[in-house]
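Here it is, the structure in full.
Each chain gets a letter, A, B, C and D, in the order it is written, and its residues are counted from 1.
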Amino acid sequence: MATEYSDNEMMAISAGRFIKNGDIVFAGTGVSMLAATAAKRIYAPKAVIFFETGGIDPSLDEIPMAVSDLRVMSGTCLNSGLIEAFSIVGHRKLHTIAFLGAAQIDKYGNLNTTSIGYYHRPKTRFSGSGGACDVASFASGVITFMQHEKRRFVEKLDYLTSVGWYKGGDSRRRLGLVRGGALAVVTNLGVMRFDDITKEMYLDEYYPGVSIEKIIENTGFEIDVSRARQALPPTEDELMILRNEVDPQRLICKA
Amino acid sequence: MATEYSDNEMMAISAGRFIKNGDIVFAGTGVSMLAATAAKRIYAPKAVIFFETGGIDPSLDEIPMAVSDLRVMSGTCLNSGLIEAFSIVGHRKLHTIAFLGAAQIDKYGNLNTTSIGYYHRPKTRFSGSGGACDVASFASGVITFMQHEKRRFVEKLDYLTSVGWYKGGDSRRRLGLVRGGALAVVTNLGVMRFDDITKEMYLDEYYPGVSIEKIIENTGFEIDVSRARQALPPTEDELMILRNEVDPQRLICKA
Amino acid sequence: MGNDMEISDKLMGIDTAVKRFIKDGSQIALGGFTVVRNPMAVAYEIIRQRIKDLHVVCHSHGQALDVLIGAGCVKRLEIAYGGNGRYAPTCIRFKKAIQQGDIEFEDYSNYQMSLRFLAGALNIPFIPTKSGLGSDLLTHEGFSEDIRKQKKVARKKLSVMQNPFSEEEDNVVLLPALNPDIALIHVQYVGEDGTVRIKGLTFADIEQAKSADVVIVTCEEIVPRSFIRMDPDQNSLPPFFVDAIVKIPYGAHPTGCYGFYDYDPKHLNYYKNIAGDDGRFKEYLNEWVYGVRTHEEYLNKIGADMLMKIKANPVLGYAVGLDRK
Amino acid sequence: MGNDMEISDKLMGIDTAVKRFIKDGSQIALGGFTVVRNPMAVAYEIIRQRIKDLHVVCHSHGQALDVLIGAGCVKRLEIAYGGNGRYAPTCIRFKKAIQQGDIEFEDYSNYQMSLRFLAGALNIPFIPTKSGLGSDLLTHEGFSEDIRKQKKVARKKLSVMQNPFSEEEDNVVLLPALNPDIALIHVQYVGEDGTVRIKGLTFADIEQAKSADVVIVTCEEIVPRSFIRMDPDQNSLPPFFVDAIVKIPYGAHPTGCYGFYDYDPKHLNYYKNIAGDDGRFKEYLNEWVYGVRTHEEYLNKIGADMLMKIKANPVLGYAVGLDRK
């Protein structure tokens, strides 16, 4: 009988599987922190986790609750600052993968973390770009975590904070962004990827127990499901490491 | 009977007298290092000596022989790098005085430390700008050390490495350089300053034992001597501090 | 070449520092980042002195920004991120103020804001980046033309140009430098000679300090000259950039300070629960800011037991095993 | 998350490092400054391997640059300053090469070159400064149009533009970024995890390393991971920027290395006396470079007595009372 697991655990493991040895992983807070740490402990021990605040390769004996958390400064190889951190994200000799979250996403993987409604007097204001716009501009690839809801997967963003594939095709390159783009979207229902040519989002994996129809229903634009396959559930080993080593206080796993 | 003193000693003390408490003094090698250190030990204990290499306020228990000398890194309040150092020289909240040397100078205090003859195939090549062009662009004032010779005080520079008053008048400001300019020229014969309006060099002080005529003869352009007065020789105290505290090994005093 | 009195003219109380340097309408840069090393003691004193119309410039800011906005001290804001980590993914008073149209604001990204401080520190009028190409950060101006005419406000939000060193099409964003009136940073150590040492991550504090006209440094400890000069490679700012030094232990509470104390989860959770309600937020200010006469009183209000709980392990830098839920 | 073998794939001998990464025509950035932390061991090995047509980019350089030029390895040079402090106010072979028209060269200033490395490190195509306005650095191009078409050479030396954020006339110099093929730096410590720590002044070493495609680090000591990670605030480069690590004590001799050894006045004076004469310079290379089979042999040539004389006081960082005339 399979072990029970939470959405956050499935998402962290799905995202973590993208990470390879040698990758430099730009982690945010919450599930992205979980995913980055899990990736390093399970799949890619030679990946390096770092934070936009400047902490590089911390020991992460406790899970940080913010990218400025004192825990991202402890046991690092280098404590620097924001300028250094962002110049790492964009460094041409490094393969950098960024984990982001967003309030809205469109079919080209562009993200909104700024506001809903009229920009100057929004219905809902969010935190703003932070480093999201920067890493979306510079990283070799971006993996976005989303709650899979129709109001979040939208035809048109209220505000384009962070560029994914922009208007699809080669439009991102034509903007002057020399590399990167949206690599995957990991939600509580499945994993989306982007077509090599059109750069439109398609369903790659749906989680065990989730139907393709449910994903279509919860996506606010038409999504190609022709390539969809069921995701592998987390293994016992994966869950054990996640729970015992990565987040022993269960600060994020539980949610 | 007055004590004997060397040219370098007279020059160091003449230049040192310009420094006030609170000044941030950008020192080079040789006599400029002597002048900066003497200024701090004699006239302006609250001046701060720093180097383009990034060493700020070193203890200077031994006199450095290069601006990268290990002695400029010892006992400092901060060891930084070139970027930080040059941003200090130009910082608008600091009053920075720079000591420079040059192979040629013109009547507006512009300096050549690059070459004599055709730029691409010079008769004599010097070290180049180093940080001279930068501090000449940014410092609140520049004091230049020169050997007073006709071939060095020239009508037209072979190469303009470091801008003084440019073409005189307000031409320096019109270039886009918001402050600074040539404050004084200290030679083995006397001290030259610059007219407030025209920005042309004039003779301010001639050393004891030096005639005004000798200075005119050794200057390759017409120089106003109408404001000239004899300089005060170094005092016993000044020489004692210079020799016993600043340069006990007599590495520079002797020359 | 120094003595113990080198900083006597810069050492002052928090009240004097704020009174002397911060005016209605001042442009201030906030040091720290979300829940770490926020200049809380200065923020509280600004509120107590009822300073108004501040123009705040920052990258990712949390607690200090939020109480300043909530207390009505902020008129204008240039910002990349308003959040308190897990304790408020979007800062509560910040969110409310923008939704209600209470403040003028303009959005940039973290790197953009950091680069703007760097440009100010380097004394260059602008700095290029590729960050933001294609985003609405480039298309949406936050400030009106009237605001743009005012002092310390850039004439344009940014400017896109062709790279003059490329023969192909190659767009670059130019960002205007920031030179705030005052930078506020909270640090671990200031030497008796005035040298500043930040331990752990520096965020953009150093660039902010160098870009500003005036720098107010609050610190956990004043340490001997001999200590701070023993390892100058570690130091962050030379004395001559600093205008006011205030020794105020736990001056970043409820945000954390590496090597000294962690963020205070109890306080941040309490704040999260009350900040959205105007009445309860006012009570909070009355209790924690207006009603506090001395810093000792503030420390007593936190309580010795909580100070011990959040006390950092001196080797690891944070409070091991702290209940952070 | 680490073990002692983390850098086993990067640790190599000086001969392998040079052979693997430096080719005829490579663009190399030299770390250090005039008489301090020059990458001498690498320079000697480049000469031994008879690599040609190097394009050297540096700010203020001394001994390493001069021997490379003298040995005929350098074709092209972008530089701010060629000097060896008091031991050669203008570097001797550098002076000779320019006067004889032997190398292609272009002059910048120290700040300009440092900013160009910074721009390369930040991955921006250019960076503005006011430095040099009115000077011949702006009017005299060193490189021909043909050279400007080549790889890793900027299409223009620089570009002057109006500040787009100012309504008044306000000129700014744009400097093209540098992204050399290889940066060569000599440092005090490399951790077993690959972390680099420079003690004392860093000059533009960190910017140079980050701007380059490949970084070769020579070091005095390899130190345990636990040591280098105990105080990460002091470190200079994370492991992932470094491609080759060579442990080679006294690898900067005859230039100095803070905390380890001073510059060698006897050697620099000797060099000054012989370098101007082509025959004697060739003998010098035969004796000190071509004829030296191992680094141990090089150390023996310097002599244990001189190594003791230049040994730095570990607290003050330099050799106290060293006869430097």
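Methods note: contacts are C-beta pairs under 8 Å (C-beta built on N, C-alpha and C of every residue); 3 or more make two chains touch, one makes a residue touch a chain.
Quantities reported herein were computed from a predicted structural model and do not represent experimental measurements.
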Using the contact definition stated above, find the chains touching both subunit A and subunit C. D
Between A-D and B-D, flag the pair that has more C-beta pairs in contact. B-D
Mean-CA-position distance for subunit D and subunit C (Å): 38
Once you find the CA centre of subunit A and the CA centre of subunit B, what distance in Å lies between them? 57
Once you find the CA centre of subunit A and the CA centre of subunit D, what distance in Å lies between them? 40
Averaged over CA atoms, how far is the centre of subunit B from the centre of subunit D? Could you give it in whole Å? 28
At least two other chains touched by the same residue of subunit D: list those residues. 122-123, 130, 170, 172, 200, 233
For subunit A, write out the residues touching at least two other chains, lowest number first. 73, 75, 79, 83, 90, 138
Touch graph across the chains, line, ring, star, complete or other? other
Between which chains does touch occur? A-C, A-D, B-C, B-D, C-D
Touching subunit C in the complex, subunit D uses residues 122-130, 154-156, 159, 161, 163-167, 170, 172, 174, 176, 199-200, 231, 233-234
Over in the complex, which subunit B residues touch subunit C? Could you list them? 24, 40-41, 45, 48, 56-57, 59, 73, 75-79, 83, 87-88, 90-94, 138
Which residues of subunit C touch subunit B in their complex? 1, 121-123, 191, 193-195, 210, 213, 228-229, 232-233, 235-241
Contact residues on subunit D for subunit B in the complex? 32-36, 59-60, 79-87, 89-91, 94-95, 98-99, 101, 107-112, 114-115, 118, 130-137, 140, 142, 169-172, 200-207, 256, 258, 262-263, 312, 316-318, 320-321, 324-325
Inside the complex, what are the residues of subunit B that reach subunit D? 29-30, 52-55, 61-62, 65-75, 79-83, 86, 90, 114-115, 119-134, 136-138, 159-163, 166, 172, 175-178, 249, 251
